[in-house]
Amino acid sequence: MNSLDQTLDTAAEHHGPASGISRWLYTTNHKDIGTLYLWFSFIMFLLGGCMALSIRAELFQPGLQLMEPDFFNQMTTMHGLIMVFGAVMPAFVGLANWMVPLMIGAPDMALPRMNNWSFWILPFAFTMMVSTLFMEGGGPNFGWTFYAPLSTTYAPPSVTFFIFAVHMMGISSIMGAINVIATILNLRAPGMTMMKLPLFVWTWLITAFLLIAVMPVLAGVVTMMLMDIHFGTSFFNAAGGGDPVLFQHVFWFFGHPEVYIMILPAFGIVSQIIPTFARKKLFGYASMVYATASIAFLSFIVWAHHMFTVGMPLVGELFFMFTTMLIAVPTGVKVFNWVATMFRGSMTFETPMLFALAFVVLFTIGGFSGLMLAIAPADFQYHDTYFVVAHFHYVLVPGAVFSIVAAVYYWIPKWTGNMYNETMGRWHFWLSFIGVNITFFPMHFVGLAGMPRRIPDYALQFADFNAVASVGAFIFGFSQLLLLYNVIQCIRSKDKATTEVWESAEGLEWTVPSPAPYHTFAEPPLVK
Amino acid sequence: MNCIAKGMLGAGSLLPLAVAADWQVNLEPGVTEISQAVFDLHMTIFWICVAIGVVVFGVMLWSIIHHRKSRGAKAHNFHESTVVEITWTIIPFFILIAMAVPATATLIKMYDKNGADLDIQVTGYQWKWRYQYLGEDIDFFSSLSTPKEQIQNQAEKGEHYLLEVDNPLVIPAGKKVRFLMTANDVIHSWWVPALAVKKDAIPGFINEAWTVVPEPGIYRGQCAELCGKDHGFMPIVVDVRSEADYQLWLAEMKQAKVQAADAATKDWTLAELMEKGEEVYNRACAACHQANGEGIPGAFPALKNSPMVVAADPAAHIDIVLNGKAGTAMQAFRDQLNAVELAAVITYERNAWGNTSGDLVSPAQISELKQ
Amino acid sequence: MSPKPNLWQMLCSVLAAFFGVQSSHNLQRDFSSGHALTYFLLGAAVLVGFVAFVIFLITLALSLAGA
Amino acid sequence: MQRIHQKNRKLVRNLLLGSVMMFGFGFALVPLYDVFCEITGLNGKVTSRGPDKALQVDRSRTVTLQLIAVNNEAMPWGFNPVTEQIAIHPGLTGQTAFVARNPTARTMIGQAIPSVAPSEAASYLHKINCFCFESQSLSGGEEREMPLLFVIDPDLPAHISTITLSYTLFDITPQQKVGYIQPVRAQRFSL
């Protein structure tokens, strides 16, 4: 039919995966690269998690016990950067690599060599970033939002390496996004029209466009920092006619869509899992697609709600308050649709479903606190307190992270050909669920009671809830080792999975054998 | 309403709710008209969210219990209903409008710029605050007064651990105070929850905020924007006094200023300066240069045996203490300390920890340079 | 084949997208016969119009409040 | 197959072009932001350098101009307004001055950055002549009175009766040297 298919055919006949390390270094196979991304992200998740635990250990009691304030700031900064850019985003790219070609009936990603490159940049970027911790003056200590002038004039010398690391992972993300878009738009199997795309594919398509729109803006803002630091420009330096507030505007112009980059694929995953285990078609497929597009569009006009206290004129405050509140509408539509999918279904509660249900509930709680934060006058009290920390951890941990874990349990039988241990999966779920709530729910309370974020030590009235949160963090942190155990156990298990794996899962990925062969859909399937 | 809210939130925390302040779970209503309006707004949105949550999670829980396969539930086949979907789009939309109206009203009230009785310029420094009363010639720094031993867990922590300062901001009750916020180095944010005032202090720019506190009292807050190493250690204390007490305080402050000027002209002995100097050093310098004068290698230089400190001519040493060093954490102490304190601390540094320059820098000498 | 959507229908689709509600019948029409770029541009235009509308609302609210 | 390769190539080209454009857009936000600030008076940035037309004097109201001097970071100069506030009719040209004194022994260069509160007043405060228009160089021990000529636009909204004009004085001496950042960085942690 065409030469790509022919080359793939011959490849399939003549060699499977190469052996040894060169398989992973030179691979252009979407499944191998997906695996690499997922392992990388899991390592970063553990690293960032260790940093989180060191933060929580310091905050267990008032007073300075374990670390100096400057090191504490480095920990909070690195924890944020690693979790956002090292754990959550690569995990979603990994899932896209594995699943998008399988879901649309494509033989591989559209640009396999670029795929290899976009992964292998990441380990170097993060090695560079983490190595700054050992440099003179320490690593980045200015928060993951790196507001100027703290991150320019007052930054440790290692900031230059931080900037280059951000550039590298930005390039990696953009290449990954281009690949996803090209795959979805050009490699769909015959009959796989846009309105038949599974929601995970749809949300990833929209996410990929968001990535292309905003990662370059992030690259721009760090380039401006670099120029301010080394070439004497004054983008963010008031002395030369610049403006530190400009930094915040440009950063959040990137930063707010970035928030949706981390949650839209999660919406997609949950929209795949809930119908499977409710044995019922997703309610309002069309609305789901449109709501995703709507959230993506609106994310470009709400950025300044992160900066209500910088002293914007009244008109600005009102504008960003109204637009932000409006995002609640399409987000609400999504939650209602998930609930309607479950309603009158025939539900079972395997591990992926448990994580997906926890996602719906806890993400919605995060959405509620988000709505409260959108109200500008109230935000003056919430801004930069633990209430904000509680909010974004609720949308990112039981939001993004739970969806990724759910996706792993959902698709791992397809990846390894074996079933994971359901009992252990449930243990992992319940420990995570309890741990996450013990950790982050009390943060709402201390935030409302007046505890600012990013402080290494606090007043006595915050002590009790902080101790509780620290205990929860250790429960949550250590229970993630169960995920590692479950994955390894599943790889080595003798409990073979069927082709369909789940009773009523729908989609092309469930038509290939388990484990999915190294090359799939060399002959495009026909979608009715 | 407040009690119920605490109960609700407390129940959600999976923990028994003690009445002690340590388990405070909600925003405090605060003491100003604005802070109470904000509190009401906060509670309104909170209850709306709770109501929506009850409905959504209720339906979900119902389905989880009743529509499970183990109970023999058969999946129905509906997957679309434009009417239903439009309904649950329109209803939240109107709920949002209902939230936006009081929010807008409160915001407009917060931005009421009219008729300030008193202007105070608030400047954020790494890591302290400076208050200047415009037109009153009163100007002082306010920094953390919690002893280091408490932070290092070598002493029992006091009641207002980390929320106490040496010189609180004093304002009159019942008067409209206008704060002009700016910063000296990086961005800070001045926040006192009881007044519902949080405004960023940005270097090179000024921001405004207003408050009217009806009753005297002491209100505590903290810096809310990450501003470097000691971001967690720059609290704010606002001491609101009755108009008469405020006037008394003003007079005292002016009197103290005259006395300080007199003290600078008196002759000080080395021993007197050393004693005073040690106190000033521990307050203003020891955080970086350490109490033993050895600094922190790689971050803060040692003063012990430092060539500049033991040099025969104290000019360079005086210059750096008064004017700081650009591009480093070394601040200019010209405005932060008075002439006696500056002379004392410089003398102390030149004669402590085995530094034996033996010379005495007199307050009069510093007064002249401070002009 | 469903007929090519006219401008009004496309506008309705874009507006529906802003609220996040759409029927699959219309979705089918949009994707089978519409061009992606048109929708994208229309979406951007509606976004600009929406921004202008919100600013207008705010000015109105402020003048009513007398601030 | 050729077709798919071509389609891919075209798409990649367009997407790369899109990212490059967005990179450019990030930088375009800088001038856009300045325009935005000028229109809305955001941040109280003072951009206007004198009225474009002759202004009618409005003797029916008096506006108070508050003057504030702030030293940034380690700037050792003495820096104060001659008078702390001036009451003036809108439309009349007012004159005042700030005094700067360099107490150190070396020549230093300072740059004053103006900021106005409330920010919406910024576009109504016209500066005809200001020491902030250029940097000021003072030799060691030198003192200078730096004039400020201004006029308040009579169109100033009625509810504003006080305008605060602050100047933050930055030490820009090191920036005048070649490769200034390197030495500053190297010195950062040494006395």
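A, B, C and D are the chain letters, set down in written order, and residue numbers restart from 1 in every chain.
By our rule, a contact is a pair of C-beta atoms (placed from the backbone, for glycine too) under 8 Å apart; a residue touches a chain by one contact, two chains touch by 3 or more.
A quick note: this is a predicted structure, and the numbers were derived from the prediction, not measured.
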{"item": "Between chain A and chain C, the fewest steps along chains that touch one another", "value": "1"}
{"item": "Contact-richer chain pair (by C-beta pairs counted) among A-B and B-D", "value": "A-B"}
{"item": "Interchain centroid distance [CA atoms averaged], chain A/chain B, Å", "value": "33"}
{"item": "Distance from the mean Cα position of chain D to that of chain B, given in whole angstrom", "value": "27"}
{"item": "Whole-Å gap between the CA centroids of chain B and chain C", "value": "45"}
{"item": "Between chain D and chain A, distance of the C-alpha-averaged centres to the nearest whole Å", "value": "39"}
{"item": "Chain C, residues touching no fewer than two other chains", "value": "19-21, 23-24, 61-62, 67"}
{"item": "Chain A residues counted as touching two or more neighbouring chains", "value": "137, 238-239, 243, 245, 284-287, 311, 314-315, 318, 322, 329, 333"}
{"item": "Multi-chain contact sites of chain D, meaning residues that touch two or more partners", "value": "43, 45, 72, 113, 168, 170-171, 185, 188-189"}
{"item": "Interfacial residue positions of chain B with respect to chain D in the complex", "value": "113-114, 116, 119, 121, 123, 134-135, 180, 182, 184-185, 202-208, 298-301, 303, 306, 308, 319-320, 322-332, 334-335, 369, 371"}
{"item": "Chain B-facing residues of chain A, complex", "value": "62-65, 68-70, 73, 136-137, 141-143, 147, 149-150, 153-154, 238-239, 243-245, 278-287, 309-311, 314, 317-318, 321-322, 325-326, 328-329, 332-333, 335-337, 339-349, 357, 360-361, 364-365, 368, 371-372, 375-378, 380-381, 383-385, 437-438, 441-442, 444-445, 448-450, 452-461, 463-465, 468"}
{"item": "Chain C residues within the chain A interface of the complex", "value": "16-24, 26-28, 31-32, 43, 47, 50-51, 54-55, 57-59, 61-62, 67"}
{"item": "Residues of chain D that touch chain A when the two form their complex", "value": "1-5, 7-8, 11-12, 15-16, 18-27, 29-30, 33, 37, 40-43, 45, 72, 111, 113, 119-120, 168, 170-172, 175, 180-181, 185, 188-189"}
{"item": "Residue ranges of chain D touching chain B (in the complex, touch as defined)", "value": "43-45, 66, 68, 70-76, 78, 84-85, 103-105, 113, 115-118, 159-162, 164, 166, 168, 170-171, 173-174, 184-185, 187-191"}
